[in-house]
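Next, two complexes with subunit A in common: one pairs it with subunit B, the other with subunit C.
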Partner chain A sequence: MIRRLRRLPGYVFLSVFALFSVFPLYFMVVSATNSSADVLDSRLLPGTQLLENFAKLFAEQDVVSAMVNSFLIAVGTTVLSLLLCSIAGYGFEVFHSRAKDAVLAILLLAMMIPFAATMIPLFELFANAGLVNSLIAVIVPTIATPFLILLFRQATRSFPHEIIEAARIDGVSEVGIFARIYMPTMRSTYAAAAVITFMTAWNNFLWPRVILINNDVQTMPLLISNLSAGYVTDYGVLMLAVLLASLPTMVIFLVLQRAFAAGITGAIK
Partner chain B sequence: MNRNTMRRFVAVGVALPLALSLGACSSAGGDSAGGGDGDETLTVWAWDPAFNIFALEEAEKIYQQDHPDFKLEIVETAWDDLQPKLTTLAQSREYGELPDIFLMQNNAFQKNVLNYPDLFSEVSGDAVDFSEFPTSVAAYSTVDDVNYGVPFDSGTAITALRTDVLEQAGYTIDDFTDITWSQFITQGEDVLAKTGQPLLSGQAGSSDMIMMILQSAGASLFDEDGNPTIVDNDALLAAIDVYTQLVESGIFVEVNSWDEYIGTFVNGSVAGTINGTWIVGSITGAEDQAGLWAVTNLPKLEGVDGATNYSANGGSSWAISSNADVDLATDFLAATFAGSTELYDTILPTSGAVANWIPAGDSDVYAEPNAFFGGQAIFADVVKFGAEVPSNNTGAYYYEGRDAVSAAITQIMGGADPDEALAEAQANVEFAME
Partner chain C sequence: MSTDVADRTRRAQPGARKPPAPDPAINRNRPWLTEGRRRSLTGWGFLLPAALLILVMSFIPMFQAFVLSMKTGRGTNLEFAEPLWSNYARLLSDEVFKLTLQNTFIYLIIQVPLMLILALVLANLLNDPHLRWKGFWRTAIFLPCAVSLVSYSLVFRTMFANDGFVNDALLGIGLIDGPINWLGQPETARFVIILGLLWRWTGYNMVFYLAALQNIDQSSIEAARMDGANAWQTFWHVTVPQLKPMILLTAIISTNGTLQLFDESWALTRGGPAYSTMSMSHYLYEVSFLKNPNFGYAAAISFVILVLVAVLAFVQMKVGDKRD
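Coming up: the complex of A and B.
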């Protein structure tokens, strides 16, 4: 009993903290069911406007196409960047040399350059290639990120190199070692990287806004931006769109939650 | 991950880029802006489906009466996204991606024309009669006597007040018409004392209110040559003084965000607002307050040369791009936004888009009583106010000037000396201009 009481302050602290983190989510869900005036009135109870908000949102905006585009971009970016960055991270660690360390250092320096500085040359590049309004142009500049390469390189440090030696003696090709031994072993790192990449790609805003000029290729964040651009904003509809846009990242995170935590802390099972 | 999953994983990894590049080919093949190829389609960038885009669609219908093959391709683009797009296109010199027509905030017009002249085509004065627009409005899109835009929605400022609250304190809307700021403050304090309700609200750190007061005296943050005049600017000092008094007396409630600002009058915690006439769209969202509002002009500054009861905030104009089918775009704008009472009659009741085009104001639709505003023909009044708004210089660094003044106001409200804070603001703007 006393032990429980001693824990009480901790629980109170955690509960308050949890309340603060969960409240915005709760407000988003509840507001999606309320009218604009109710949202402005900070109504905290579920309302009856959900269907009306749905109808308005789908009448005003091409939500399906935006969802599909966002999905293609997020999945495409995730698959390609996991493949590319894990190969790079693996290479930097397993085929280690001083020259490669120097290359990695340069890559890390590239993390310091803000995207806004490279956006205009990048736009020129894609415009010359005739790729304005293409999903390819959204995906390609984001698939190789120094952060993911570093994540994979650090994770590879804890990958036992003896396994690689043993596989080589057994006659497994280098590609085979990577695809059949390394990849399955590192699945928690892949999961963590997948969650991060998917979320970043799904929420990416500035670059898609610039390169995707026509609205038939717009993504969910762009659609949401349009919903709040008018003189009068329908907050119920806006909250519903935000809710719809948040669902995929929530699902991905919940599904990969355990592996994500393990991957970030660098555990190998 | 077993071997099968692995295979699928690799297969998807290979197939997806292929699929996407095919998709890319099809969408990249879509047509961009016209460019005089005999095709009667114009591409337009604009925001707000209930307002600007609705107006475009109605204009399209009107133009189609004489041009059956005419079509508009409207790309909904929020203003906050439109500006970075224009900047990117201008800096990468990819003008081929521009639409035929784009909508531009009036306050940003000068800056864009001066910084990126190659984005624009001139709007010929032969096709569009600019004398049919208020001088102050046409001035936003005029640089060196050349017009680059056709004015659309009016940013004419209004004072909207809750008549029921005024009544409780023993006032009517007439007591707030053609008055000075000191009268407004005295009466506002009285209303607050008797009813507990402040009259105004706004975003803390926003300079909207100050800029409206400033323009009401025809003053600006820049002189005619574009040099900043933030220091020793009597109108600015008077405006800041009024703002400080409003906040300190509790008549003006400062909130943290735009959404909160809208919330203050929609949920009735303040009894009025001063803003561009487009704010009417948000006011009428509070259906339970129907019949309880009235609209009048702004209070004016005392002891400042050129002070009036009229001002503006916001509003936007149509620009014709350098990549446009200029003849078609000009003819379309001249026949609709600068020449069709029918258009303005259609869009006013549904969207509340008040015309800057003076002939539209004579229409019966503008004179119709508005039930939400207790039967007042508010739009006819707004058009009358619009003709009285003094012109002011916006210039290439208008936004830098506004930002610097906003920062100064935050300091002044925190107790800093106004002269010092404004001197710093001036230095910051001069630094940005170097």
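Coming up: the complex of A and C.
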């Protein structure tokens, strides 16, 4: 009993922080079902306005195309990024040499370059290529990240080198070893990398804000930010849009929480 | 990274004992292409696509931005400035820039230490083997990481509206007499941004500490408890020192992130009132793409951010080393 009591402050602290963490999300979900007036009256119970809010939102904004764009960007970034960075991470570890280690060290420096410092030349690059307002321009700068390369290089260390040697003796090509042996074996690393990349791409805001200059091509974060920029905000509609923008990543998070945690902490173990 | 050498020597041995058979067909046609060279080239082939993309999308733009920061003019009509550093000189007399720099440092100095301490305490509580409902606590506190920065900014904006939930709640329990104009005054608006950052990122850092706690020696904690140290002493003298590399890493990541703050400034407070919450990246965006776009001046701002990121990371690493 005394042991239990000694832990009481811990439980209180955890409860307060958990409430602080969950409440804004509860507020978002509940408000999506309430009218703007009810949201401002701080109604904290589910309401009946969900369908009305849906109707208003879809009348005002092209939610479907923003959702499609966001999915295309997130899936495209994830597939290309995982492929490119895992090949590189594998290459840096399996074929390591002094020169390649030096290249890796330089690439890792890119992690310290703030996106803001590359944003204007990147904008000019894609503008000159006629790719302003294109999804390709949103995806390309975010595909190759030093973080993912590092994640895959660290993970490759636990991949038994004997398997590679054995496959070479059996006459499997280097690409074959990677595609047919390494990739299936490293499923959990790919899962972690996929979750983190998908969520980052889905939530990206500054670069899409810069390169998608007219509002015909929008992503969900751009759509909700434009929705709140008017003089009169319908809070129920806004919270519904925010909920829709958050739903895919929240579902992925709740289903693949462990993979997500492994993804963000993976490269540093 | 200190295990590199050991790793490599251990791994090199089986390869040395059992060299893979070279493919004679290749060597007959191209005698210069030995097995070692062929493998090395394959390696370069594997890593070059990503390396080149990082070169083109990060390093080259960074150098272009530096060149750009020495130019003046409107739109794409740019010439080298006279003197070359005039954009940087102009920063010194730009009151708005100085304000955004000050805002960024206020967030940095208040929010980052507070968040890391909270994350440490939470991770330590969750690491207690006797704690109940562990999965529930972890999921709840980690959950804010699932929503985008713009999304949560708009939720906070709604909750902190003049006639919004927070004022209603505070009025309801009698803590305040009239509604507080949270987003309309510099101090309270900054407070809301800091609160938002704490909400979004504390769980994220907690997960880093939880991962690190898995790797530290549990017996050292048990031993300290056996020797009569209380929970606080054990935490401060046994757990925290072992987490130091991770604390350093999270401090660098958080500092880096705060210096690049954009979404919250844009969506939560829109930089206002009167630039008092605007971040440096938000100002950079305004100078680049709104009103009178000035790419040269914007590039100079971006380079200040770059230098600050580099210098602060360097300082933190030095300080982190010294306490060993």
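As a convention for this text, the second predicted complex is superposed on the first by the 233 of 269 C-alpha atoms of A that agree within 3 Å, B and C clash if a C-alpha of one lies under 4 Å from a C-alpha of the other, contacts with A are read in each partner's own complex, and residues count from 1 in each chain.
Note that contacts are C-beta pairs under 8 Å (C-beta built on N, C-alpha and C of every residue); 3 or more make two chains touch, one makes a residue touch a chain.
Values in this document were obtained by computation on a predicted structure and should not be read as measured data.
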After the overlay on subunit A, what do you see for subunit B versus subunit C, clash or fit? clash
Once chain A of both complexes is superposed, is A:Leu40 in touch with subunit B (first), subunit C (second), both, or neither? both
If we overlay the two complexes on their shared chain A, which of subunit B and subunit C does A:Leu131 touch? Say first, second, both or neither. first
Would you sort A:Leu14 into first (subunit B), second (subunit C), both or neither based on which partner it touches? second
Report for A:Ala191: first if it touches subunit B alone, second if subunit C alone, otherwise both or neither. neither
Which superposed partner A:Ile139 touches (first subunit B, second subunit C, both, neither): first
Contacts for A:Leu150 in the overlay, against subunit B (first) and subunit C (second): which applies, first, second, both or neither? neither
Looking at the overlay, does A:Ile113 come into contact with subunit B only (first), subunit C only (second), both, or neither? second
Among the partners subunit B and subunit C, which is in contact with a greater number of residues of subunit A? C
A:Thr249 in the overlay: touching subunit B, subunit C, both, or neither? Say first, second, both or neither. second
Check the residue A:Tyr235 against both partner chains and state whether it touches subunit B (first), subunit C (second), both, or neither. both
Touching both subunit C and subunit B, counted on subunit A across the two superposed complexes: 40-42, 119-121, 123-124, 206, 209-210, 225, 228, 235
Subunit C to subunit A touching residues, read off their complex: 7-8, 11, 14-15, 18, 20-21, 39-40, 42-47, 49-51, 53-54, 57-62, 64-65, 68, 76, 118, 121-122, 125-126, 128, 130-131, 136-137, 139-152, 154-159, 161, 163-165, 168-169, 199, 202-204, 207-208, 210-211, 215, 231, 246, 249, 256, 259-260, 262-263, 266-267, 280-281, 284-285, 288-289, 295, 298-299, 301-303, 305-306, 309-310, 313
List the residues on subunit A that touch subunit C in their complex, please. 3, 6-7, 10, 13-14, 17-18, 20-22, 24-25, 27-28, 31, 39-42, 44, 84-85, 87-88, 90-92, 94-97, 100, 103, 107, 110, 112-125, 140-141, 143-146, 149, 157, 161-162, 165, 168-169, 174, 178, 199, 202-203, 205-206, 209-210, 221, 224-225, 228, 235, 238-239, 242, 245-246, 249-250, 252-254, 257, 260-261, 264-265, 268-269
Looking at the complex, which residues from subunit B come into contact with subunit A? 1-3, 6, 9-10, 12-13, 16-17, 20-21, 23-25, 27-28, 30, 32, 47-51, 75-81, 84-85, 88-89, 91-94, 96-97, 259, 262-263, 266-267, 278-279, 281-282, 285-287
Within the complex, subunit B is touched by subunit A residues 36-37, 40-42, 60, 72, 75-76, 79-80, 83, 119-121, 123-124, 127, 130-137, 139, 179-180, 183-184, 187, 206, 209-210, 213-217, 222, 225-226, 228-233, 235
